[in-house]
């Protein structure tokens, strides 16, 4: 079996860099990052806090949809599972992440899950705080705590771009308000949503977020249980079924552990009880997922035997553990 | 932690039997089983081939949608992953299993995945064999081999009922034929589909199917690798994202391991590298899943710490294995 | 054949008043009119400017969707037919008037027609004028000219209510803006849309609007051609296929001349070359159309032989004309 | 104003023949007619039974969707309006004529109207007769009576082709059967549907069908009222709102009288109380309507002032009649 190392990851970057030409950087949005199509980076962190990385590790980029996991986590801590999932479902949806039709069909007009835009906007309306700023600060603080990176912050240019390009998200928010399925203040929910999408970080930070989830919400260095481990099981299950837009099923098959992507090209993954992984490659495919990032995750899963459905390793472990 | 035993399972049956009144037996279909709403049974098998069970273990019932996993497995063996997923997708779908609209929307008119009716009918058209009978015999033989139960067979009354109530499935097959997205002979594909839905077995058999999958396609007693382990990873991932109709996301969160249900009330589950589980409770909810069966799976998952996203146990095992 | 008179219309009011209990007044919208469920009024005007009326003729109510015809007319005058129908289609739609899904499906994301909310909002974005106020004044002026009623004006309470309840319309406007199918400033288009919906008038005014259309845009008393007659043919065709929400087909069959309704319970009708008709009955059915109003129109059509598909009268007329 | 004559029609054929290159003949269906893309023909018949024609008047072609009007007429005669419209709606639908999604959405799963394929199949199930042959013979007899053409008959090659290419229609029939919204025997309804689609006739016959409808169901030469005039009002209204597939709204605007098309390129039109028109041009557009045929109808409507919403002529006639 392959041994995890910086050199191993460097080889992967070299091998999969050509795939960055097969995707496209999100365009037409002045100010929204300034991403280089050929960038490709990866970072993997284990439970002993060893971190391995290669490629574009010093490029910072906005969280975009990857923020949806953090806001869900805080909403779960604030209100508990039952109350959160009264407003938003937990079922995967076959359509694109920004679709509005699903809010109109069916008996309930709730968003399908917290990973689609409508669901994430609804989740934003649940997070506690007197003002949007206060709620945003709670999310930012959580991210700083998880990553140990005090420099993480919102990028004001990206935030402005989010507002300029935000009409689809406005449509989703106003539709939910009009149907009454989700009680929300559209302006506030959208403002918070635009802000957290604009948080800028690097691929190491993604790996740390992944590890935090993979470790059930326990901060390893501080040996501190930051959030309820139950919520992390919930979050991983939702990442598995819905984290990669309408390509989640393919990732479950081809990668086999929970992942969450953003259209700026970042993906973080949680390998339960083992690793946190961050990848970054702004060349995305038509479903919105990093082309090079997907290749790297697929390869790491195979090389390190990380597919959670692959019983062989678990079985061996289990036997030796008995 | 709870210890698995017949007594433990008996307690679960007693505790969750009242929930059978909260579902309904599939009705209006003369000849399709003759199921008792209050039946509830469970069987769990481990890698050492120990089997534990309780409740309605002697009741036989038709496979219904649970057959979709077996036909997918044989199609994967016959044609390989790439070719199979040219005809059928691997993405979860937010709608009901018998919906036809999804075949009309989108650019590609393929079924979303092999677990929805349209997808399973398409899969039936891929299985090799000169006649429907021959193709059916291959599926039946596989089931007999997996379960070691030579008595498993199609129930002719259920088969007749399948044909009588089969107009929705006919609509799906003819629609796929008309759009040309899937090359199929509608009559043959439907006939095979109706036949495999009508295969009758018991809850122990479901546990054995689950264990076979959880063990990566290796027959334990014969110590024989029957099918490619890769295909079982694929199948588990698809069961996880799409196995429980449009309640799959909820099962991923609440149960946390791959499951597949049928509307006769059977569910089989694969706990990767650990257990096969069969439950049977014909009182189903509006999504088509056994109400009592769901309760039992959720409880077993919690009691035996089987949620594959719960890193704690894996972590401990991993540490002791190192 | 029946002879048109005040007495005849009074009989109709008496006969159909009981039907007002079969509908419901639009509720839950503070300030939006204060309508009496039992009100029922009718006015019919002929080409000689004779006007007959009965019932609730002194009640004023807001135009609501009936405004969509006036805004379309002005857009046609401003830009011409070709340009208007680049932004909005002219096909009837099977769904409810406030549906958003249709904007997402299909290749083009244009609204189906100018009579559904999305289409009317798009039309509002086409009307010429430097400010929303200026554009509104042009529409109001047109209405005053058509009706000869200088007192027609926007009701500020209704306007406020429109804004409070306007989230569905906001969703439609922002969705169109996001898809780029229609170039519009969502805020301005919505503001104009809310304003014209809030214009308050009476059933006589509706009859005059209907007559103006039935007379091809010619003001009878002034003997003045106010707008291009071609546009009135277009408008009548669109009223016929789409004027009564997703009950337009039924009105084409049961009434047989062009009508346009609003959810405050007003309907105006154009009987080509013969009459303008206004009815008002705020008890509306589930499709949004006045229950009593529909009954009266159906009856007048039959009694006065006004169904435009009924060749008998035209035939007789034609023969005598030859 | 233009005077109707063979020469006038000949000019139109010459002028619009080039448009036949802008459409395409329905392809991929062996045996289904053998149509020449450049054919273009027209026939107009007035109430005095004068007939004018030009172009491809000797080419025979199959009725295809134009048959839907005849089957609706017989169903109305057999069961009455109320009963017919319990099974099928009378509202226009925004989607393509062979769509199936509309049967799945909404509360009622009825077809939207008798002019879409699902609706026409449902109508076929309503027509009285002990066998499919008997029911077919009744329809054929009606056509022979209306046209006075004893040679009209089903083309067996087209009928075979209809069955070969019939899977979409099978999907519609089986879906309706499965939902229970329409009580039908799918096989019989489909067989009758395929048969009447295969009836072969010429453009003069279409003009006669149009005139029969425009004249309220009265046979002019025999001076005989063949069917209830009420049903013809209903049929014209439905032709107006739904007769030209999802281009019906455009025809209402651009042509302005009831029309019904078939994908073999025939269209018949009823100008209420005035003319029957048949056009034939097998080069169809993407909506399924004859490109050259549409041009000719638009032109005749303008030249002869036949738009039923154009009040000017009616007004003049009315005045002289008073």
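Residue numbering begins at 1 within each chain, and the chains themselves are lettered A, B, C and D in the order written.
In this text, contacts are C-beta pairs under 8 Å (C-beta built on N, C-alpha and C of every residue); 3 or more make two chains touch, one makes a residue touch a chain.
In UniProt terms, the chains line up like this: A, B, C, D = Glutaminase.
Model, not experiment: these values are computed from the prediction.
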Fill in the blank from the handout: So the chain most remote from chain B (Glutaminase) by C-alpha centre is C
Handout entry: Distance from the mean Cα position of chain D (Glutaminase) to that of chain A (Glutaminase), given in whole angstrom
Key = 55
Problem - Separation of chain A (Glutaminase) from chain B (Glutaminase), taking each centre as the mean of its C-alpha atoms, in whole Å - result: 30
Problem - Separation of chain A (Glutaminase) from chain C (Glutaminase), taking each centre as the mean of its C-alpha atoms, in whole Å - result: 49
Problem - chain A (Glutaminase), residues touching no fewer than two other chains - result: 105
Handout entry: Overall pattern in which the protein chains touch one another (line/ring/star/complete/other)
Key = ring
Handout entry: Chain pairs that touch, as defined at the top of this document
Key = A-B, A-C, B-D, C-D
Problem - Touch list for chain D (Glutaminase) against partner chain C (Glutaminase), complex - result: 47, 89-95, 102, 112-113, 214-216, 229, 232-234, 236-238, 240-242, 246-250, 252-253, 256, 258, 272-274, 307-318, 320-321
Problem - chain B (Glutaminase)-facing residues of chain D (Glutaminase), complex - result: 99-101, 103-105, 167-168, 170-172, 174-175, 177-179, 186
